[in-house]
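I have a structure I would like to understand better, so I am pasting it below and will then ask my questions one at a time.
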Amino acid sequence: MIWYIELVITILVIICGIAAITVRDLLGAAILFGAYSFMMCLLWAIMGAVDVAFTEASVGAGVSTVLFVAAVFRTSRRTKD
Amino acid sequence: MKIIGFIIVLLCGGLLAYATSDFPYWGDPASPASMHVSAYYIENAVADTSVPNIVTAVLADYRGYDTMFETAVIFSAAIACFFLLRIFTPESSQSKLYRHIPTGITLRIAPGGKLPEKSDTFERIDSSWVPHDLIIKTACRLFIPFIQIFGLYVIAHGHHSPGGGFQGGVILGASIILFAVSNDLRSTISRMGEKITAFLCSAGVFIYAGTGALCILLGANFLDYGALASLMGVDPVSARSHGILIVEIGVGITVMAVMVSLYYILSSGGQLDEGL
Amino acid sequence: MHDLILAIMSKYNYWIYIVLLMIGLYAMMVKKNLVKKIIGMNILQTAIILFYISVSAKKDGTLPIIIHGPHAGHHPVRAADYINPLPHVLMLTAIVVAVATLGVALALAIKVYQQYGTLDEDEIHTRIRK
Amino acid sequence: MSQQFPALIIIVPLLAAFFIFTVSWINRKLCFPIAVLSLAISLVSAMGLLGMVLSNGPVEYRMGGWPPPWGIPYYVDYLNALVLVVVYAVALINLLACRQSVRREFPDKIGSFFTLYVLFVTGLGGMVVTGDAFNLYVLLEIASLTGYALIGMGKGDAALSSLNYIFMGTIGASFYLLGIGYLYLVTGSLNIADIASILPGVYDSKVVLVAFIFCITGLFLKMAFFPLHGWLPNAYTNAPSAAISLIAPLTTKVMIYVMIRIVLYLFTPSFSFGALHVGSVLVWLSAGAIVMGSLLALGQKSLKRMLAYIIVAEVGYMTGGLWLGNTEGITGAILHLVNDAAMTLCVFLAAGTLMFKIKPSVAGELQLDDLAGSFTKMPYTMAAFVMGALSIIGVPPFCGFFSKWYLLSGAVTAGHYEFLAALLFSSLVNVVLFFRIIEIGYYGKPGHRAESGHSIAHMDEAPLDMLIPLLLVAAGLLAMGFYTDDIVTHVIRFAIPAGIV
C-alpha cells in the first residue's frame, strides 16, 4: 500500500465531500458528488476491496450521478444555502 | 438550528472517537474480525463451491438469502418510484415542439393541438432540445454494443474475477441510459418499452427466488444449490457453482431493468414523455 | 507524546470514516435544501461502508480471490494472507440499499417540487401554512 | 411439508409480490386475490409454526443448508412465533378491509400498491424470524423503503413528510448498521446467538458499549421513541388510509420486538441490565414519552394526528416495560406489543372507514367535529371505534387492561413509581380524548354545522366488506382479553430468558 497515494486520495475524498455540501449550485453539487463517489471507489480499490470498488464505481459514481442530474433537471438548480 | 446540529454531530463524533481507542490495530491478521467466520470462508470457499472469487461465493451461496433480499430491495425501489411519480393521464399543459425535417424549422404547437405522430416530414423534439449533434449520437451508437458485451462479460465472469450480478446489471442499464441521454427518451422507450422493463424487473427476482424454491421442491432447504445436482447431473460442488451463476444472471437482469425504469421515471417526472 | 502519534497513525483509517460520518450527519441536519440533504444522507451511508472496508483490511494480505488453475501449485490456503471477504459482501448490499434509498428520495423530492415549486424547506413551510 | 414452514412464510409472499406486479400489467383484477391468497398461506404457516414451537420447542431453519455462524439461520422461538402470527393476522385483516378505498384513491396503480403492500409484510415477517443481525438490517430496509413509498402517496404534504421520514429512518438504520459493525469488529460473527456467546469475553471493552448505544439509538429513531419521534405525526396523518392502517399497527411494534430481541438475546440480560446502569434512565425517559405523547394528543384537532400521538405514548409503555428489567415488566411489554397491534389496527381501521364515508371539512384531515352525529349515521363503525377506545384506555374485559396491569405491577416491584404515575396519567388522558369523540359523535347534531349539508341523520353505513374485518378485530380485542392468561402462561413465560430476576 503506497501510503502517500492513499493520503492524497483521502484528502481529496474529504474535500469533495465538503464541497458537494457547500457549493450553491445543485448541478455542481451533483457532479462533485460523482467525483466524491469515484474517489471513494479509488480508496477502496487501494484497500483491496475490488468487488466493492467496482460496484461503487458503476453504481455510486455512475448511476447515482445520472439520477441526481435527472432530478436536478426536473427540479431547480438554484439553492439558497 | 445550525449550532444544535453542530453540537449533536460533535457529540456523535466524540463518542465514535472514544470507542476507537479500543479498536484492534488497523490491518493486523489476528484481529477478531478476521479470525472466526471469515477464516472458514477463505479456507473452504473453493472446496465447497469451486468458485475462486470468495466474495461471489459468500455473496451468492453462504449468505445467498441476504442477496435475494437485496435484489428485492432494488426491486421495491423501482416499484416505489413507479407508484410515487408515474402519471398515466397525458398532462397537455406544456406546448410541444416539432421540427420540419426538410427545412429544419421548429414549430411550437399550443397545448391540445397535435401533429400526426408517425408523419415523416415532422419529428417531435424535446422542449429543452440541443442543436442537432451528429457526433455524440453516432459516437454513442458505436460505444453501446461494446458496453453491453462488457456488461455480459462481467456478469458471466463473476466467479473468477471481481464482478457479478450487480456490477454487470448496472453496466447493461448504463448502456441503455447512455442511449437515452444521447438520443431522446421517446426513441429509447420505443426500443425498450415500460412493459418490457417491468416484466424484466420481476423476471430476474423470480429467477432468484424460483431457484431457491426449486431447491425446496428437490428436498433440501431453501437456496441450497447442492440439491440441484440431481437436476443438472453434476456433483453437488459444481452444482453450487452453476446455481451461483443462475442466480447472478437473475440479479443482473433485475438490476438492469431497475436502473432503466428508475431513469425513465426520474428524468421524465413520471410522464415518460420528455426526458433529460 | 510518541505513543499518542503511533496510536493515531496506527488507526488513521478510522478517523477518516468518523470525519465523513460527521460531514454527512451535519449536512442532513442543517442544510435546508432537500437535494443537499439527500447528498448528506448518501455521504453518511458511504462513510459507514468505509468503516466496514477498513475493518476488513489485513497487512500484506492479497485480494480475496484464490489463484487456481493448472499452474497454481496445490498448497493449502492460509487465511492470514487473504483479505477478509465478509465485509465486502455486506457492503455490496449496503451500496445497493443506498442507491435504492437515493432513488425513492429523489422521486419524493421531484413530487414535492411539483407540489410546491421549491426545494427549500423554509419556503415550503410558509406555503403549507398559507 | 411442515418442516418447511419457516421458509414458506417468507417465500410465498415474496414470489406473490413479483407475480402481482407482472399480472398488474395484464389484468388488474387478479392482483387483489393473489395478495389475499399469499398472505392467507403465510398466516396459516405462521400459526402452524406457533403450534410446532409450542409442542416441541424452538425451531431452527438453515438457509442454504449451511450451519449457523457461516450461513443465515432462522431462529423461531416463543417470542417471535407469537409476533409473527400477529403481523400476518393484522396484514391479512387490513388487506381485506382496504380494497374499496384503494380502488378509490389509486384507480390506475392498484398493482403496484398491492406489490408494495405484500413486500412490506414480507420485510416485517422476515425481520421477526431471522437469526442474523445483518440480514435483519436488509429486511429492515425493505420494510422501510416500501413504507416510505406507501406513505408518500397520501394527500396534502404527504410527500414532504415521507421525505422527512426517509431522512430520520435512514439515520436510524445506518446507526443500527454501525452498531452491528462495531459488534462484528470485536466478535467476528454476525449471527445473534453466536455473538451472544462470544460477547461475555469482551463486555468491558468500550467498543461493545458504543455498539450498544448506537444500536439502541438507531432503533429508538425507527420506533419514534419520544425525543426522536419528529417524523411520525406528519407521516401518519397524511398517508392514504389504506396504507396507514397497515403501517401504524406494525412498524413501531416490530421495531420494539427487535429491541427486545437485541436487549434480551444479543446483549444478554446480564449486560443490558447488570453491567450498564442505563435501565432506570430509560424508564424515566419512557415515562416522559408517555406523558408528552398523551399531552400532545390532547391538543389535536384532527382525528388521525391525535391517534398518531397516542402511538408515540404507547411506544413509551413498551420501552418502559422492557427496561424495568423484571419478569412482570417484560411480560407486560410483550403482551402490550401484541395487544397494541390489535388495538391500533381497530382504531385506525375505524378512522379509515369514517374518512371513507364522511367528507372532511378541512381538506384531507378528518376533524373531530366532522364526526358530529356519526353514531346515528354509522353505528357499527362507531361501535367498533368505541371498543378500540375502551381497550386503549384499559377497561377490564378488553385486552388493553391486562397488559397495562402487568406493566403497573412490574413498575411497583421495580420501584419505578414515576412510570406508574405516567401510566395512570396517560390512561386518564385517554379517557378524556376518546370520550370527547364519543360525546361529539353521540350528542352532536349532524345538521348543526350548516355548511356540512347533511339532511336528517339516516343510517348510511360503510360498505359491508369494510365493516366485517373491523367488527372482527373489535371482537378479537375481547377474545384476546379473555385468553390473556393462556397467552401469558403458554407462550410469553417461555419467551423471557433465564437471566431476568
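Each chain carries a letter (A, B, C and D) given by its place in the written order, and its residues are counted from 1.
Quick note on the criterion: contacts are C-beta pairs under 8 Å (C-beta built on N, C-alpha and C of every residue); 3 or more make two chains touch, one makes a residue touch a chain.
Quantities reported herein were computed from a predicted structural model and do not represent experimental measurements.
Engineer: With respect to inter-chain C-beta contacts, which pair, A-B or A-C, contains the greater number?
Structural biologist: More contacting C-beta pairs are found at A-C.
Engineer: At what distance in angstrom does the C-alpha mean of chain D lie from that of chain A?
Structural biologist: Averaging C-alpha atoms per chain gives centres 38 Å apart.
Engineer: Could you please state the distance in Å, as a whole number, between where the Cα atoms of chain A are centred and where those of chain B are centred?
Structural biologist: 19
Engineer: Just give me the whole-number Å value for how far the CA centre of chain A lies from that of chain C.
Structural biologist: 11
Engineer: Per the centroid of Cα atoms for each chain, what is the distance between chain C and chain D, given in Å?
Structural biologist: Distance between chain centres: 30 Å.
Engineer: Can you tell me which residues of chain D touch two or more of the remaining chains?
Structural biologist: Correct list: 134, 138, 141, 145, 148-149, 152, 159, 184-185, 190.
Engineer: Could you pull out the residues of chain C that touch at least 2 other chains?
Structural biologist: 13, 19, 25-26, 54-57, 61, 63-65, 86-88, 90, 92-93, 95-97, 99-101, 103-104, 106-111
Engineer: Going by the touch rule set out above, which residues of chain A reach two or more other chains?
Structural biologist: In chain A, the residues touching two or more other chains are 50-51, 55, 59, 63, 67, 70-71, 74.
Engineer: Draw the chains as points, connect those that touch, then say whether the picture is a line, ring, star, complete or other.
Structural biologist: other
Engineer: Could you run through all the chain pairs that touch each other?
Structural biologist: A-B, A-C, B-C, B-D, C-D
Engineer: Quick check on the complex: what are the chain A residues that touch chain B?
Structural biologist: Chain A reaches chain B through residues 50-51, 53-55, 58-59, 62-63, 66-67, 69-71, 73-74.
Engineer: In the complex formed with chain C, which residues of chain D make contact?
Structural biologist: Going by the criterion above, the answer is residues 134, 138, 141, 145, 148-149, 152, 157, 159-160, 162-163, 166-167, 170-171, 174, 177-178, 181, 184-185, 190.
Engineer: Any idea which chain C residues touch chain B in the complex?
Structural biologist: Those residues of chain C that touch chain B are 7, 10-15, 18-19, 21-22, 25-26, 29-30, 54-59, 61, 63-68, 76-80, 82, 84-90, 92-93, 95-97, 99-101, 103-104, 106-108, 110-111, 114.
Engineer: What does chain D use to touch chain B in their complex?
Structural biologist: For this pair, the touching residues of chain D are 4, 7, 11, 14-15, 17-19, 21-22, 25, 61-66, 69-72, 106, 108-109, 112-113, 115-116, 119, 122, 126, 132, 134-135, 138-139, 141-142, 145-146, 148-149, 152-153, 159, 182, 184-190, 198, 205-207, 209-210, 213.
Engineer: Inside the complex, what are the residues of chain A that reach chain C?
Structural biologist: On the chain A side, the touching residues are 10, 13-14, 17-18, 20-21, 26, 29-30, 33, 36-37, 40, 43-44, 47-52, 55-56, 59-60, 63-64, 67-68, 70-72, 74-76, 79-81.
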